[in-house]
């Protein structure tokens, strides 16, 4: 065999068998998109997971069903927002690192790609991606859960708000990425049910530099409000074009803009924009009797002291890792037991909302999980 | 290496392939080997186009997508028999290659490369926007595994046999082709097109033939990928994958079938080796940050210092 | 002994941007005879040969081969039984002498992509047949001990012989030789002349284009002399050798 | 379909078209002289934008930051040609094409390591609200884009027609061998050509970055669009490449506005295939020059 190929094979073998650590700790796998298009979501998720691992181990680890403390060993892989790499990472976690459960992935595409692998290997997966298809139909998703609010739930909060404000003629734009397309499917259903009419429906590319053409067509349909379903940077470009074109009607965005990057890139154009999202961004303004407030404030404080401005995607990872830690506490390193423990979780107060899992609902959230937020002077405020 | 040596190597590898899944239980290593085969197939196809027809195709990923989506849609949405869908996917890619190849293959060099690039990107946009059929950007789930009676190709070991079986079959067939009258004619066309025409070889038809054959082989890999992953979406089939295939062929050495497989293995192993080794060297968990730069440097280095690629190290590659 | 002509060329002409490289030329070539086209450089000899070989579309005139017009593409002309060599040797890159001649036998084979890929028994038999035929031709041109050598590593004279062998491999009825003598020393020219005569004896019609007077005149059966794209004279080699007009055109005034 | 809408599509199309024109001009100059289609031309645009973002983040004023970005990336382009591409002048064109693909990936990879994946905001050259032009809205930065484009075209026209080295460069484009015989150092002219090509790319990147932000992977698509514009212009004549750039920008914008925005990006590639087909059928009034 040639020298180069022999060297490469050796490299892999070494790499694969490195982490032969003592069996004692509870092993939790994690797959996030630290690079590639999903990195603005994946990096805060990874940071949150590392934060929880440090806190848990600082307290001596997880008290298992055997009463003894087990350190938490978190094995994190980057899927680079790529389906093939996600599948390889999942199989490596299951077979090489022998993890009890897996947290992640960041994007819907990669989560759907590893469904078959985790279900067949019977390893519980708590996804941080939003697509409803990840946990539906429940009968075929025994081993799969997800923490982000499903699109129909988020869209429901938005449509209720639009209806309450009497904004019945609405224009719509979405990025031609999975996130945008799924938003449109739910929005079309919710507006039909609520009696709102969608007078314009436009698409734009994830890397588009200019959306004036699409926005001009939306302006021509003279809607009372415009909804843009995307993530930065395209969401910010659309927001700037919107202001440049002098469109006066109120602009609404998706929960995809739940981070400071969106506001910074829109350079002032984001003023007054409203969007549905988890309560994390407005934790301080919540009513004191809101069960989530203390949890939100604690997480926001921990995250912002170590990494920077809070972000809803980090929140999804917080819920997922905490759910896994609780389940490990109940069932130890038995994969079936951990699955049952997660599915049995009731009234778990998390960042994305209050979770009530059941065999037929592996998302466990309801409309209370999201609220309308408005950007005022570059800050997030509860929308009136 | 000449024909007899190739047949010996082929049968030796076949024995290895038969035994491997029994020796290796780790699904991760098996999955990596399956992906090597699924990348090896299009790499062999592209190696034929580059090595024999002497043309660069920057749109090979499109044929991979055609294979994957025809198989995926027919089985997941319409419940067809997997093998029939696989066959139809290969036929569809071949037909598309004829329709696209006929005008394009009268171009040469730069413009041909750019025309295949444009074709690849157009197919990508169709996958993203034709959501009624392809499921659009959020993709298509629930592609059933292939079955032979009660035997289901649903584990990594069984997929390993199917993927490597297909690769070895294609290597045997293309190996025979390379050593035959057609193979000689192809090498003649690549060597000196005017002289080839003067001995009665229809050079345009032959070059098109190689393009169509490469498309068919690539679509076969696409179909197997769909059944293996059980979920397909457009993002892995963009322009980036066409370039990755190009890197595999250049690394392996164009016009060398085994070189192409070696190139595919190197690329897949390099990514995983980077993932395993890199976190130890730097704090960054993101191995992929270094992967893009590494591939670029590899491609430049091989083009500058070793144009005949890794296989060039072997005795005169057939 | 005038056998019916195999190749008929009538009012053949070709312009390159206004300049008539070949004005209007008529000639015929009969089986088993060598027709030579001679003339100073730029007389249009190679242009005529390329037009007959289908490599260059004529501006006017007709080329009739075995009673039917020749098609416009090189490979179609070759498959009608017209083979050619090139003025400058054109090897197939890194191929051996045997492989090059084997490619010459391409038209003799029937195995297509499928049968070649499956290596069917019929295909294997055909391959053995082609290989034997190629070895036979390599022997005929006297290169049997060079069969395994890479063509580009051979001395120029032998590369010329490989070109002729490759053309003969297509079993042509008409052989077009484009300045075969160019760049050969006396011994190599003599060896080539003997080969060409043997090919003529086998009944193949030969159109020989060259500007080496002595090489042509002692091999050709009839000669057409071209000058500035027009026919200057035609006849037996002996009469042409003494024709003052030819001498003037060729060797300048004082030679007459 | 009101007049304002058409005007809006034309205006935004012209602004993006100006960017494509600058990039296309870079392609034509590099190809014209060194017969290399530079697949990494788009990466020069990205480097220009990222350099602009980094410098303006450090408080450097826009004009100074712009000049530094253009000069540094231009030097990098010349270095890339001198180091990696010139040794390969006799290699087949496809080997050189693959080498430029390798260069493009390497530059993008290194940019990812240095600048990370997040888009970087760049302040506009001149503050102030957008301006109404014939009923359509134009961002102030749009004027800068057209201004920089026009200035570059005039400067290059003056250089090629009014200076000795400009004539030398043109001579190399027409017939490198003859130029060499006249004592013109053809290889030095090649380096100059790539300096200009990289500079033009960087200028496009720097001036568009306030509109599109700067990210490590913005170069590919912009580079491909620039190439399509250059091919529209026949890959040889600079004025035709500029026209090709504006034409492509407007066609894209109109297609997105009038037909469907979903296929906005695909338009450029359909145009490229059509140009290639026309080339095959000989229907092109001008031949797209093949490699040397």
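A, B, C and D label the chains in the order they appear, each numbered from 1.
The rule is simple: a contact is a pair of C-beta atoms (placed from the backbone, for glycine too) under 8 Å apart; a residue touches a chain by one contact, two chains touch by 3 or more.
From a predicted model like this one, the values you see are computed outputs, not experimental measurements.
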{"item": "Comparison of A-D and B-D by number of C-beta pairs in contact, larger one", "value": "B-D"}
{"item": "Central chain of the complex, centres being mean CA coordinates", "value": "B"}
{"item": "Whole-Å gap separating subunit A and subunit C, where each centre is the average of the chain's CA atoms", "value": "75"}
{"item": "Chain centre separation (subunit A, subunit D; CA means) in Å", "value": "38"}
{"item": "Inter-chain centre distance, subunit C versus subunit D - centres from mean C-alpha coordinates, in Å", "value": "51"}
{"item": "Interchain centroid distance [CA atoms averaged], subunit B/subunit D, Å", "value": "32"}
{"item": "Subunit A, residues touching no fewer than two other chains", "value": "35-36, 39, 176, 203"}
{"item": "Shared-contact residues (touching 2 or more other chains) in subunit C", "value": "none"}
{"item": "Sites on subunit B at which at least two other chains make contact", "value": "128-129, 289, 291"}
{"item": "Chain pairs that touch, as defined at the top of this document", "value": "A-B, A-D, B-C, B-D"}
{"item": "Residues of subunit B defined as touching subunit C within the complex", "value": "173-174, 176-177, 180-185, 187-188, 190-192, 194-203, 209, 213, 316"}
{"item": "Complex contacts: residues of subunit D adjacent to subunit A", "value": "2, 5, 8-9, 12, 15-16, 112, 117-119, 121, 123, 130, 137, 139, 208, 211-213, 215, 217-218, 221-222, 253-254, 256-257, 260-262, 264-265"}
{"item": "Sites on subunit C touched by subunit B in the complex", "value": "53, 55, 73-75, 78-79, 83-84, 86, 90-95, 99, 102-107, 109, 111-113, 116-119, 123, 126-127, 130, 166-167, 169-170"}
{"item": "Parts of subunit A lying in touch with subunit D, wherever the complex brings them together", "value": "35-36, 39-40, 176, 202-205, 207-210, 212-214, 216-217, 220, 232-233, 236-237, 244-246, 261, 264-265, 267"}
{"item": "Subunit D-facing residues of subunit B, complex", "value": "50, 54-56, 103-104, 106-115, 117-119, 121-122, 125, 128-129, 239, 243, 246, 250, 289-300, 303-304, 307"}
